[in-house]
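Single-structure report; data block below.
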Amino acid sequence: MDTLILIYCLSFSVYLIGLRIAILEFGKPKDWLSKAFDIFILALIFLNLVAVALETVDPLFERYQGWFQSFEVFSVIVFTVEYILRVWSCTFKPHYRHPFWGRVRFIFTPLSLIDLLAIIPFYLSLLPTELRIGRTLRLFRLFRVLKLNRYTDSLRILGRVFRLKQEELLLSLFVLSILLALASSLIYFAEHSAQPEAFSSIPKAMWWGTITLTTVGYGDVYPVTLVGRMLGAILAVLGIGLFALPAGIFASGFSEELQARKAKKRGNANKTCPHCGKVISEE
Amino acid sequence: MDTLILIYCLSFSVYLIGLRIAILEFGKPKDWLSKAFDIFILALIFLNLVAVALETVDPLFERYQGWFQSFEVFSVIVFTVEYILRVWSCTFKPHYRHPFWGRVRFIFTPLSLIDLLAIIPFYLSLLPTELRIGRTLRLFRLFRVLKLNRYTDSLRILGRVFRLKQEELLLSLFVLSILLALASSLIYFAEHSAQPEAFSSIPKAMWWGTITLTTVGYGDVYPVTLVGRMLGAILAVLGIGLFALPAGIFASGFSEELQARKAKKRGNANKTCPHCGKVISEE
Amino acid sequence: MDTLILIYCLSFSVYLIGLRIAILEFGKPKDWLSKAFDIFILALIFLNLVAVALETVDPLFERYQGWFQSFEVFSVIVFTVEYILRVWSCTFKPHYRHPFWGRVRFIFTPLSLIDLLAIIPFYLSLLPTELRIGRTLRLFRLFRVLKLNRYTDSLRILGRVFRLKQEELLLSLFVLSILLALASSLIYFAEHSAQPEAFSSIPKAMWWGTITLTTVGYGDVYPVTLVGRMLGAILAVLGIGLFALPAGIFASGFSEELQARKAKKRGNANKTCPHCGKVISEE
Amino acid sequence: MDTLILIYCLSFSVYLIGLRIAILEFGKPKDWLSKAFDIFILALIFLNLVAVALETVDPLFERYQGWFQSFEVFSVIVFTVEYILRVWSCTFKPHYRHPFWGRVRFIFTPLSLIDLLAIIPFYLSLLPTELRIGRTLRLFRLFRVLKLNRYTDSLRILGRVFRLKQEELLLSLFVLSILLALASSLIYFAEHSAQPEAFSSIPKAMWWGTITLTTVGYGDVYPVTLVGRMLGAILAVLGIGLFALPAGIFASGFSEELQARKAKKRGNANKTCPHCGKVISEE
């Protein structure tokens, strides 16, 4: 059992790092040193994510508690050094040229705030405060994953897709929330008397609504009356259609974005079909 | 627990209103006052929806019963005033110019009937009738969400997509209902003797059919015999293919409609590719 | 309860018939009489489907047994008369001109065989045989739904899509069955010792495989060991990708077919874009 | 029961072989003899897959143990002869002309290694070793399905689609694993105290994460706290959007690949639309 967990962890981190290296090829050409540094920081971020996950496995934590703490200290030192160097050297960029105000402005860029958020909880935990912070600290360590934004395009692509399709996504989310509210209200009126526990209120019925309309269907709550089942059946069919909307919008935005990137790489980013305005791909 | 519910409600309504404001940008340019009025009515509609949901949470209702009732009275007054003003001022539009018949015709437009439906149940509940109406009244208050039609495009887009794709949707719904009827009948014959309770009749087997073919899969009913499982497996694979049809039709209609809207905004609504008839987008 | 079932049945059949009438508009223009006849036969087919379903509801069957039997006799008489008239009058078509061999050839066309299959089980049940046939008879009555092929395009469209995309569908079904076989075998080796009942053999593990890979997920069987869960998780992610293939192929074929129909109606069936070969639509 | 299992097996293998023959039409024209040989080997591979599955059905194995063993010996002999002939005759191909090094190089091609892997476990099991190998042997026999690569295009198409879309697939898998890690960590912090058993650690919470985000939803683990349910609902909606990405990428790659194949068959593989670069199809 223990061996298996270790195999699992190892294979998982290897998988993640392998994936990363493969994706790095997406990026711009760089010299050997900065590439090595990038991979080192990336690996550290991933190992942090893995460490947060593994610390919650009690037998592992009890046995390797020292290692976990050393790793955390090591990570924080590396990230702190990285942060200090970044703030120190930001004046090289023309935009942050001013020795003081340039650095202040740099500190308040989103990426730098993320870098700060990745290390400050550790230093706060060193202060003599209540013990409760330990748990929250671990939660904050999860945000280190946001540091990936600086090193990989993948999360940035995601962000760009969300921006590109935001009107469609907001519109469909709005329609979804209306449908969800209506569905949950109707099922509440149908099922409340038959299952006063599971459908005790409309907000609680929304749990049923989300789980049904996303077709997850755990089976912890489901209608049992005839009217409730008819409603549920109709809503499930409707739900597939409407809850597939944001997924479809997002998927099409993602594929458009990737095609545009590919076209850019090949150097014909601006070539679009004169007739239908589509970006020309040469596959 | 209680605090959490409140946070939940607040964040939910904030989310909805934020969403609304974002979507308002879709609409036509308006002067400041009518925009403020629109947002006020929109917020009121949403708060009504939220109030209907929260009234069903017993601890909340017991503690804030007075507030809920005051809010309901306030809403009805606002909606009544809005309704009276609308009926009064409709004669400004050339189509409803006649002082009496114009107003009568206006009252019987769908949007006005919805406005009336949003307030009349409250006045009916004031009459000295049986107590049963209280529950139905709450159900009717849900229809206030239909008032959104006047203030937002999102539901109208939905309606237009349904109209645009109605032939395809009807056709696929028809095929679905045939498949559902056949699947439920076959599984009934296979499982009836093994599970006389869950598959007691074909209409009851349709519950299994819908939940399986939509891939919700609660797990309250499932085949246990060999023949039933083979049938179920084949039908599940088929079902994905066929039940994904209306979703796909709807999603493509929705994206076409949104693209047409975007094109209209940019002022090139009528430009279509001379070769394939697609609306030209300039992204 | 009883009233609800009746409302349910009525609304269901009304829904079906309404749907039918809407779809009839798809067909070719016909004179009033043959249209009325078509609607009558269509309604009869649907009522047969409804009757088969309702007969299985015990309280309904006990109370209205006589009505159900009369309706069955009436249906068989109508279908028999229709069948005899069809066979009699087929000689009007040039293809079946010969008084004897033309009729024989007509009888062995698929549509005529379906017509025969719809009535012959009833006559067989009149013969003095064992009682077992009663159940099978009911099953055969389901095949009456195939008579719809003659009166509606919807099932024919489905058939044409299957023919148009058969290579792709067969190929993806083949890949699916290989994936299913591998997935079920692997999970069997992982879970057999932990759950000897649920994963007693590879064919039985296929039930898990189908229900998981189609994302239905009843929850009657699921892996519990670490290896099994890792396998299950990987297979579930893979499964979505692969089991969505036939659905996607079918949906795209369906939408192509519908677009071609629409184009045909408008009289520009042969106009295709000279550049990309797509059928031109004028929406 | 027993009869049913046999019917099941027979229909299953008939289905597979029928499918295969249909798919063979995809391949290049060949003379009668080599086609017959191909079908023989294909049928043998499938029957091996079926035999592996059926051996795990205890009543079948006990009754037909001899047959299963004879079939295994027969299969291994055929595959061995095939392997020896292939190695022997590979010198006919110019690439492997050298009598010794050509054959060595041929042996280390992936397809030949698969052929070797399909037979070597059997010979290993003949050596006097511990009994444990019996089980692993059966697992290895599953890899015989990889021999299909030589005889059918279907798996090769799959492989080509994976290669064609590997950047997109890796990118979306990377995003998925980040989302999965975050979702599982968040739900762990929300649910750990309420359900210390089901959400005992983050790696264990990943089981919940995968099953929810793929919308399988077995229902063995689900959030019960308010915060957990809100998180779960939001993640489920997000999950549909993101987990549908690889499926969509794969499906579009598959359909592109199939269209290119069709175009190649018709002899216009190189004709692409001069405007949008799409392969022209003449349907």
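Order of writing sets the labels: A, B, C and D. Residues in every chain begin at 1.
One rule holds in what follows: contacts are C-beta pairs under 8 Å (C-beta built on N, C-alpha and C of every residue); 3 or more make two chains touch, one makes a residue touch a chain.
This structure is a prediction, so every number in the text was calculated from the model and none was measured.
Interface comparison, A-B versus A-C: the pair with the greater number of contacting C-beta pairs is A-B. Counting the residue numbers used at the interface between chain C and chain D, under half appear in both copies, so the two copies meet with largely different residues. A straight line joining the Cα centres of chain A and chain C is 42 Å long. Between chain A and chain B, the centres computed from C-alpha atoms are 30 Å apart. Contact with two or more other chains is made by residues 5, 8, 206, 215-219, 244, 248, 275-276 of chain B. By the touch criterion stated above, chain D contacts chain C in their complex at residues 5, 8-9, 15-16, 19-20, 22-23, 26, 49, 52-54, 56-58, 135, 138-139, 142, 145, 148, 152, 154-155, 157-158, 176, 206-207, 210-211, 214-220, 243-244, 246-248, 250-251, 254-255, 258, 262, 273-276, 278, 280-283. The part of chain C that touches chain D in the complex is made up of residues 167-168, 170-175, 177-178, 181-182, 184-186, 188-189, 192, 200-204, 206, 212, 215-219, 222, 229, 232-233, 236-237, 239-242, 244-245, 248-249, 252, 256, 275-277.
Contacts from chain D toward chain B in the complex involve residues 1, 4-5, 8, 215-219, 226-227, 230, 275.
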